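Next, two complexes with chain A in common: one pairs it with chain B, the other with chain C.
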Partner chain A sequence: MEFLGIWIAAFLTLCIYSFLYRDNPFYRFAEHLLVGMSVGYIIILTIYFGLIPYAWDPIQKAVTGEASRWGFLTLIPICIGLLFFTRLSTRHAWLIRYPIAILMGVTSGIMIPNALQTDIFAQVQGTLNPFSVIGTLSSFEIFGAILIVIGVICTLTYFFFSVEHRGPIAGISKVGITFLMIGFGSAFGNTVMGRVALLIQRVDFLINDWIGTIF
Partner chain B sequence: MKQQVPLVLCFLFGIVMILTEFSPHAASQATYKEIANWGRVISPFVLALAVITLIQTHWARIQRRTEHWQYSVVVFFGMILMVVVGTPLVIVGSPFGPQHPAFQWLFNNVQVPMDATMFSLLAFFIASAAYRAFRARTFEATLLLVTAVIVMLGNVPIGDIIWGDTASNARQWILDNPNLSARRGIILGISLGAISQSIRIILGIERSYLGGGD
Partner chain C sequence: MFEKLMNIDRRIVFTLVALVVIIPMLAPFSIPLTVAEPTQNLYDYIDALPPGSTIMISFDYGPSSFVEPEPMAEAVMKHCFDKEVNVIGITLEIQAVPLADKVMQRVAVEKGAVYGEDYVLLGYRPGDTFVILGMGAEIASVFDSDYLEKPITEIPMLQNITNYDQISLLLVLAAGSTVEDWITYGHTKFDLQIAAGVTGVIVSQMYPYLQTKQLIGLMPGFRGAAEYEKLIDAFGSGTKGINTASLVHLLVIGLVVIGNIAFFVQRRREE
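For the complex of A and B:
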């Protein structure tokens, strides 16, 4: 089975790399197979890690008496979820607004406190934290900590559109662009290296694992 | 009925989630957990609707024999294969399931190699796009170019072979200082935007998610 697996993986890898020459039936076959298998995989994951533990189990336990009758409450979100299928009927399609509105409300309600705690407070704390232990830092580290504060303020100023970017604001915003360009440059560099690492891994697979089965 | 009720539901659920999050009372925490779980129960139905749409699209392609319709059969083949092998149909005595070696074999030998290859393909296109787009015409463009080159050289052994530890140290300093400050600025900006958008949604000011019509 391992031999077969290596050959299938090698065939599909070469099918996808054939796109470097031009679009062709082999690439389209692999592309559509990937779409189909990914959808199938997500369906299975959703059933096993979404529907069964959060929908099926509570109701089953409530029926058998293993858990309290509160488990029947799960029928409410199931009914709300079923409303999504009204989208398939032209006459009742407007009913889809109900589950979407509930999901939007729940997500927005969770988002506000979470964004405050994990993003805003934590990021501000991380920016100012080095100054609480400034006595233990080297002069180079202090320079880095000051640079981060300046960078955060300037970047935020660049995204602050409530005032016109003129005079000192334009200057600060310009410094913000400089920091953003460094950020984008490093993101680009890391992305390229990530893709190249994947490429090396695939080429390594073809040379050592696949050709290794031939010779 | 068609507009007002969804807006009221959105407001109620949003307010309840905010209030219960900030209240330490046991009942409040239980309510928060229960409604958060409701979200997990509802989400699979969204996926189901997406899968139905995908099936409808590809089925229509097969029926109408449009160009490249044969590949829609491949989509169905891949999807059905994974679902059948991943589902233990106890009634018909199917021994499969997500933990079954056959499902793992398909995942490891078909899906993972294709995923990795598809993403590695981007290395070629990102390189060719960079070659065409990266021109050091302005100070900002030069800065982006230089930073990207330093980060890439700091990531590979050749950088350290040429300049000793300097390449990897420079890369690490860039990532830990100017890059971090830019990212923090972006994260703070996104978070403030997300909070304001969430408030607009809960208060019913932003209602584009309801779609058009009455």
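For the complex of A and C:
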């Protein structure tokens, strides 16, 4: 069985990489198979790990008396969730506002204070903190701290559209663009690293696992 | 010549990349590797934990991205079992349960770790944010059983664990945005110590959190896995991968430089 699995995986891998030469039916077959299986896999997992334990089981146990009658309360979030499907009817589409409002309200209430602390206050603190202990820093660390402050100010200036970008503001925002480009370059380099890792794993599979079954 | 370089067939580039990946696999070699500070910090943190401590690993990746996080999981778990540190596995990604199960079992067999005593896989629960927040109050309120549906009251290593107060470290192995979720809700709200091992694609987004100490350590892609393997002296797929990847990076850098030279020379000629 494992032998068959390796051969199917190898065939599909080669089908996908055949696109590098040009688009062809083998590639399209593998692509459609992947999309279909991924969706099917996620649906099945969602049913088994989400729908059954959190929606079906509590109600079934409440009906059979295996668990408390409070299990029927699960029907409330289920009904609210089902209101999302009212979007499919023009006449009842307005009902979707209720689940969206609940979702937005709960998410905002939980997220905003924590996100402000994590991504704004802590980051501002992290940018300025080195200056509070500047006497203990090496010259390279001081250079790094100053560079970060310059980068933050210049990059934020680039996104500040309330004033026209002329004169000194244009110069500062150009420096901001340079910092942005360095950031994008770093992201691109790391993305290449990630994609190469996927290629290496597939080639490793083909050479060691698949060809290993032949010789 | 430069015009030819500007119009080089992309299939030649693909062939070059394929050769640079295939040849090192047939003739393995080793490139010297220095350990970066973020990986060293993670290693030092785990190394300093007393025996009997517990760390949690969140396996937040799927079949399309397991290549980089899996060697990290292996290396960190080997280190933990050597140090007699217990490991709790969970995931916020539904597809990760079988992947996490496979890697945990593999390392446990190698190190002689016992399920339920040295490690446990709690599995998946839906609702990312609410899972993180719920476990902060009480882990049992979110995971009343492990992934095999065994009640956690029957799992010996979980008897003295109520919430994050008993978790010495959370390691997020991620290919998506769950690291930010863990920092926002786990660290900010519950002061949970967090480290991350992420795929190369998202590693740039992690550095601001390192600088602010919201992450105590970071393993970036294959490199992070290779660095950790070097620290524990157990060379695995991370080291093998980074050696090959380094050659591909050199090729890509070379092609970028050649492409830029050709572009500027051609533009000067046109002017």
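Operating definition for what follows: the second predicted complex is superposed on the first by the 164 of 215 C-alpha atoms of A that agree within 3 Å, B and C clash if a C-alpha of one lies under 4 Å from a C-alpha of the other, contacts with A are read in each partner's own complex, and residues count from 1 in each chain.
We adopt the following convention: contacts are C-beta pairs under 8 Å (C-beta built on N, C-alpha and C of every residue); 3 or more make two chains touch, one makes a residue touch a chain.
These numbers were taken from a predicted model, which means no experiment stands behind them.
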First, second, both or neither for A:Q125, with chain B first and chain C second: second
Touched partner set for A:M1, first chain B, second chain C, both or neither: first
First (chain B), second (chain C), both or neither touched by A:F19: first
Contacts of A:T191 with chain B and chain C, given as first, second, both or neither: both
More chain A residues in contact [chain B versus chain C]: B
Which of chain B and chain C A:H32 touches, first, second, both or neither: first
First, second, both or neither for A:I78, with chain B first and chain C second: first
Contacts of A:S68 with chain B and chain C, given as first, second, both or neither: neither
Which superposed partner A:S89 touches (first chain B, second chain C, both, neither): neither
Partner chain(s) touched by A:I207 [first = chain B, second = chain C, both, neither]: second
Common ground on chain A, meaning residues reached by chain C in one complex and by chain B in the other: 20, 41-42, 45-46, 50, 54, 107, 110-111, 115, 119, 123, 126, 148, 183, 186-187, 190-193, 195-196, 198-199, 201
Chain A-facing residues of chain B, complex: 2-3, 5-7, 9-18, 21-22, 34-49, 51-52, 54, 68, 71-72, 74-83, 86-87, 98, 103, 105-111, 113-124, 126-127, 130, 139-141, 143-152, 155-156, 173-192, 194-195, 197-199, 201-202, 209-211, 213
Residues of chain A defined as touching chain C within the complex: 20-21, 41-42, 45-46, 49-50, 54, 107, 110-111, 114-115, 117-119, 122-123, 125-126, 148, 183, 186-187, 190-201, 203-204, 207-208
Complex contact set, residues of chain C against chain A: 11, 14, 17-18, 21-22, 25-26, 64-65, 67-68, 94-95, 97, 123-126, 129, 133, 180, 183-185, 187-189, 199-204, 208, 211-214, 220-223, 237, 240-241, 244-245, 248-249, 252
Of all residues in chain A, those that touch chain B in their complex: 1, 4-6, 8-9, 12-13, 16-17, 19-20, 28-48, 50-51, 54-55, 73-74, 76-78, 80-82, 84-85, 87-88, 94, 97-113, 115-116, 119-120, 123-124, 126-127, 144, 147-152, 154-156, 158-159, 176-193, 195-196, 198-199, 201-202, 205
